[in-house]
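Chain naming follows the written order as A, B and C, and within any one chain the residues start at number 1.
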Amino acid sequence: MLHPDRLLPSDPTTRDIARNLYSRVKNLPIISPHGHTDPAWFADNQPFGNPTELLITPDHYIFRMLYSQGISLEQLGISPVGKEAGVSVDPKEVWRIFASNYHLFRGTPSRLWLDHVFAEIFDMPDLLTTDTANDYYDNIDALLQTQDFLPRSLFERFNIELLATTESPLDDLKHHDVILDSDWQGRVVTTFRPDPVLDPQFEGFKANLSILGSITGKDTTSYSQYLEALRDRRAFFKAHGATATDHGHPTACTVNLSLSESEALFNKVSTSDFSAAEAELFRAQMLTEMATMSLDDGLVMQIHPGSHRNHNSHLFETFGRDKGADIPIQTEYVRALKPLLDRYGNEPNLSIILFTLDETAYSRELAPLAGHYPILKLGPAWWFHDSPEGMRRIREQTIETAGFYNTVGFNDDTRAFLSIPSRHDMSRRIDCGFLARLVAEHRMDEKEAFEVAEMLAYDLVKQAYKL
Amino acid sequence: MLHPDRLLPSDPTTRDIARNLYSRVKNLPIISPHGHTDPAWFADNQPFGNPTELLITPDHYIFRMLYSQGISLEQLGISPVGKEAGVSVDPKEVWRIFASNYHLFRGTPSRLWLDHVFAEIFDMPDLLTTDTANDYYDNIDALLQTQDFLPRSLFERFNIELLATTESPLDDLKHHDVILDSDWQGRVVTTFRPDPVLDPQFEGFKANLSILGSITGKDTTSYSQYLEALRDRRAFFKAHGATATDHGHPTACTVNLSLSESEALFNKVSTSDFSAAEAELFRAQMLTEMATMSLDDGLVMQIHPGSHRNHNSHLFETFGRDKGADIPIQTEYVRALKPLLDRYGNEPNLSIILFTLDETAYSRELAPLAGHYPILKLGPAWWFHDSPEGMRRIREQTIETAGFYNTVGFNDDTRAFLSIPSRHDMSRRIDCGFLARLVAEHRMDEKEAFEVAEMLAYDLVKQAYKL
Amino acid sequence: MLHPDRLLPSDPTTRDIARNLYSRVKNLPIISPHGHTDPAWFADNQPFGNPTELLITPDHYIFRMLYSQGISLEQLGISPVGKEAGVSVDPKEVWRIFASNYHLFRGTPSRLWLDHVFAEIFDMPDLLTTDTANDYYDNIDALLQTQDFLPRSLFERFNIELLATTESPLDDLKHHDVILDSDWQGRVVTTFRPDPVLDPQFEGFKANLSILGSITGKDTTSYSQYLEALRDRRAFFKAHGATATDHGHPTACTVNLSLSESEALFNKVSTSDFSAAEAELFRAQMLTEMATMSLDDGLVMQIHPGSHRNHNSHLFETFGRDKGADIPIQTEYVRALKPLLDRYGNEPNLSIILFTLDETAYSRELAPLAGHYPILKLGPAWWFHDSPEGMRRIREQTIETAGFYNTVGFNDDTRAFLSIPSRHDMSRRIDCGFLARLVAEHRMDEKEAFEVAEMLAYDLVKQAYKL
């Protein structure tokens, strides 16, 4: 079902070149420096549940598409907050709904990932349809109970050299402890994602500050001790393998407030009501503070701005976060990052990786910034743009200005563990196709293209994330 | 003159696939759910005037290009407002000006549409040039007087299954009555376009409210009766076949005002001076009101924002509206639509089709919105973007996130009746080329591509517009 | 090393057509109507210095990329302001640094330009690498001292029909005088770039006004005499061959102030502190004033907005302007230009060429504006977008709306004299590739494509710049 030339350009000259390039990178180990898999899987190494629970319910790419066509979340077994116990949906019935709507995914990357998972991982010979839905379910369900489909077995089968998860500063990283203490050789590291204690508009922000205080033994009603507590948690994360932080702010805004201004602002947002502008200002200052700390501890910063989170207020109120209703918004970088860049833009020992959901920033802002500032690198196509066309656009719109060496290879950014091989494979194929076009148009020598293909698939990510 | 493979990709593998796909859809009936042809043509079925009056004078795509190169509107026989009687230009002379400037249209969709009209409809064997201008004119002029070129004959020859026109709520729809009462089988329906009575900045807004009142017997100085009058006109339009409304606001702004706020605002904009912000707020509230009414009467909403109308103030003052000087502006959807979506975004019985002139919204805003909200669908490439490159961009930038099934097929949106077959043909060819690339790159199975091609050419539009 | 088919599409059908088109335009003379070469080169006709001084130190495309990867400007022999005498770096060592980092330029237009310069101009048979660095340096260094590599010899060898430089109104144009008075036939004209005396935020603005006064004998503390002084300098530039002005404002903003408002604003910005908004307003008014003067003297206006100049404050303070840290910002045209267009948009004798660093404006704003207003033309892909992908995007995103005839051919906009042939060659190849695709997709007749290719390479630029 999977064609060996899938995702390669159709022009025969270009395809031949692309095939050669791809043959050199297809078996390179996977490095996944940014993602959202559950470390408990690798700590406990228990069988995954059923096909629905593994492949559908947690994947917002899938359920948002079904939802857009009138299928309710309840039908898919997703429970309203507080009613988890009350909902009972047969997972096999959910699977059948999914199968009978599989045509909705035509033309989407989800479809390509899923076909890859079904064919490569579960060895299903036929297309998923209403007719094959039951066979699919039963077959996958049975395989998941076998030794070969335990999380660690799959990790090894996927040839993953390193996998990063993402945790809140309030997380005790106990699963990472288990992994580190085990005799399993798989490398699973954490990433420091401090939004819950940096963003005054995050649910439970004030309570989170208290927890941060009690975890670290600091008085987080004091700004200086709050910063100290953050430093502590960074050190704790670093001890658990973290080489990077991740910041999912609504915008890329940064500022350079004085200490007294910062303190006053912290007091406001941590103890009383505050305006949206004050929250934004605090987040902006905290990005600069995080850069200060990164200069000390060497953690690479990742800035992922530009999502209007939880846009569907009814779904958010009923079902909570991450229900497929995060919608990108226009995102500005040039003015937003200037305060941080004014302070640290030329530091040799700082590294910040920028992502965007606003593709208009690629050629206009991000490539020129990454092509100049020593501290800036450009992340891969992200989220909605982690797709064949999206990956091609980011190459076409940034490489001419930023070059390849100011980019950081591929991130899969996924919760869907089984899709990791297919996502990295897609990236390698699209990159080889892009390079093949440069070669076919005599814009790059084939020998150099081989080097670049390997850099993009393997070396750049190790360098950028200090792995 | 028309190559059978025109607009298909040049790579031989891809072209073969595209040809096969196209052969399956090229003869499907045309459904034109959104356009601006004159219903009087089909009511009266009188011969069109002369070639100039049919093909040049009413087509702002054509005269704006000639104007941009220094040819005055007067030279083209377009009269200043109030001086219609005073201008006398030989239509054949206008035709010769057009012919001698035909090179200006190289690379534009107008050129492709015109070549198609000339070759397919009028059977002209040679290119339009200064030398062939007179022959063209005489030949077309003669044909237009024949039975086969009467509006209804062409409608049938074009294989149009349904054609929607667009009318103001103040229109009496008498032409639609004539068509409905005739024994002609052609389906020509209307569309409810209430801008003249919803937009306080529309020319004659206050007078329009009075007319609305007298047509409906409502006191349109009262907000509640104004809404009632709108409901009445919607019912009247629905009785004349309308299945949709159309809203050409400057922005996509919506709000959710209280009744008392709405009333106060209505009183302001309908009786006294008001600010641009108040006009914008009123339009925003009226979009929400239209959604409320659509929930009741089932009319599909179309929102077409983002045109800075009548940008050329000299032309507007002299010649009036629609003189080729409507220029797109940046258009935001995510925040703009939120108030309406907060209220109605999850309604199973509401359908809103979004259009844009700002292509940056495709991948950033519109595809994610349409790929999540049940009430939202994404319209086709519109106006300036209704072109080979524009159509390809909308597919490349939206399908991966929204899928095909959250789109609505093709709209020709034209006043140029004769161009309808060529516009639909262009759309089918570009879509088949896009699908062929997916097949050639093994991103879609050919069998599925056939299904999608038919959906895009025929089924989706019927579903989306409830036809 | 240079493949004869480089930059042409790889599909064989399209490549054949592209080759034919290119063979017709490749040897056309170069017209370079907008650039930043040093007229002293052609006045004095002295040998260029060494390879580093010629090819690296002055080229911000090159040193910004090296800088982005941690190489300091000092290492490259670029001196902090005021310390020019204090820095001593071996130019051959700089060359070696450059050579050992040549891989950074893979995929960038700089790489293609440099390879072209090395192969075509200096006849170097091998790739520049660490190993060949010394040979490269010595060979180029030796050639630069020969008669054939003097500026005028290269000008002739490059087949340059006309080259425009860009000067401040305060420049005495003495080099142009020397050229005009010489018996050399090369045409080198100037361009009037008044930013230093129009932009209150330009370094030394107030001092510049004084100099403008003393040069012209006008009292530039008076607004009317200030305008008179500008008129004088325009006449002086015109007498030195200028046919155009160039305006590098941060935005495209224009306004139409009354005389008294303009006077008051001028008094403010020329004598006291002023806000950023006042500076912007003054620049906006001055664009309108420049248009007024262009109506009189016929100089073509060029508006190049949208660069956030000197974004890296540390580099700017230490090294001054033009150190690779100008970053594009979002740029709006539709509302910004309206005041100027309201006043002059329909003038038959005014011509304004618009450029952008914000590609989102191509299809949304610039093509619709240029496709309507008689005074507007669309400039070529500029700066970061002067690249194979950038050139292709501007064609794909503007021609369908603006047509070819509202564009102005190619500008190289370069300080790097030796790169001029390669830049024009790139443009011709990409345009021929674009046209070839139109032909291969039967969207344009081959005969018409030949005409358009020649227009784009030669005729349009002469018409647009009145050369």
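Throughout what follows, a contact is a pair of C-beta atoms (placed from the backbone, for glycine too) under 8 Å apart; a residue touches a chain by one contact, two chains touch by 3 or more.
Values in this document were obtained by computation on a predicted structure and should not be read as measured data.
Of all residue numbers seen at the subunit A-subunit C contact, under half occur in both copies; the interface is built from largely non-matching residues. Between the two copies, subunit B and subunit C, the Cα superposition rotates by 120°, quoted to the nearest 5. One finds 40 Å separating the Cα centroids of subunit A and subunit C. Along subunit B, residues 11, 360 each make contact with two or more other chains. On subunit B, the positions that touch subunit C within their shared complex are 2-3, 5-12, 64-65, 67-70, 103-109, 112, 127, 308, 311-315, 324-330, 357-360, 384-385, 387-390. Interface of subunit A with subunit C (complex): residues 11, 13-14, 332, 334-335, 338, 341-342, 345-346, 348, 360, 363-365, 367-374, 376, 396-397, 399-406, 437-438, 440-445, 448, 451-452.
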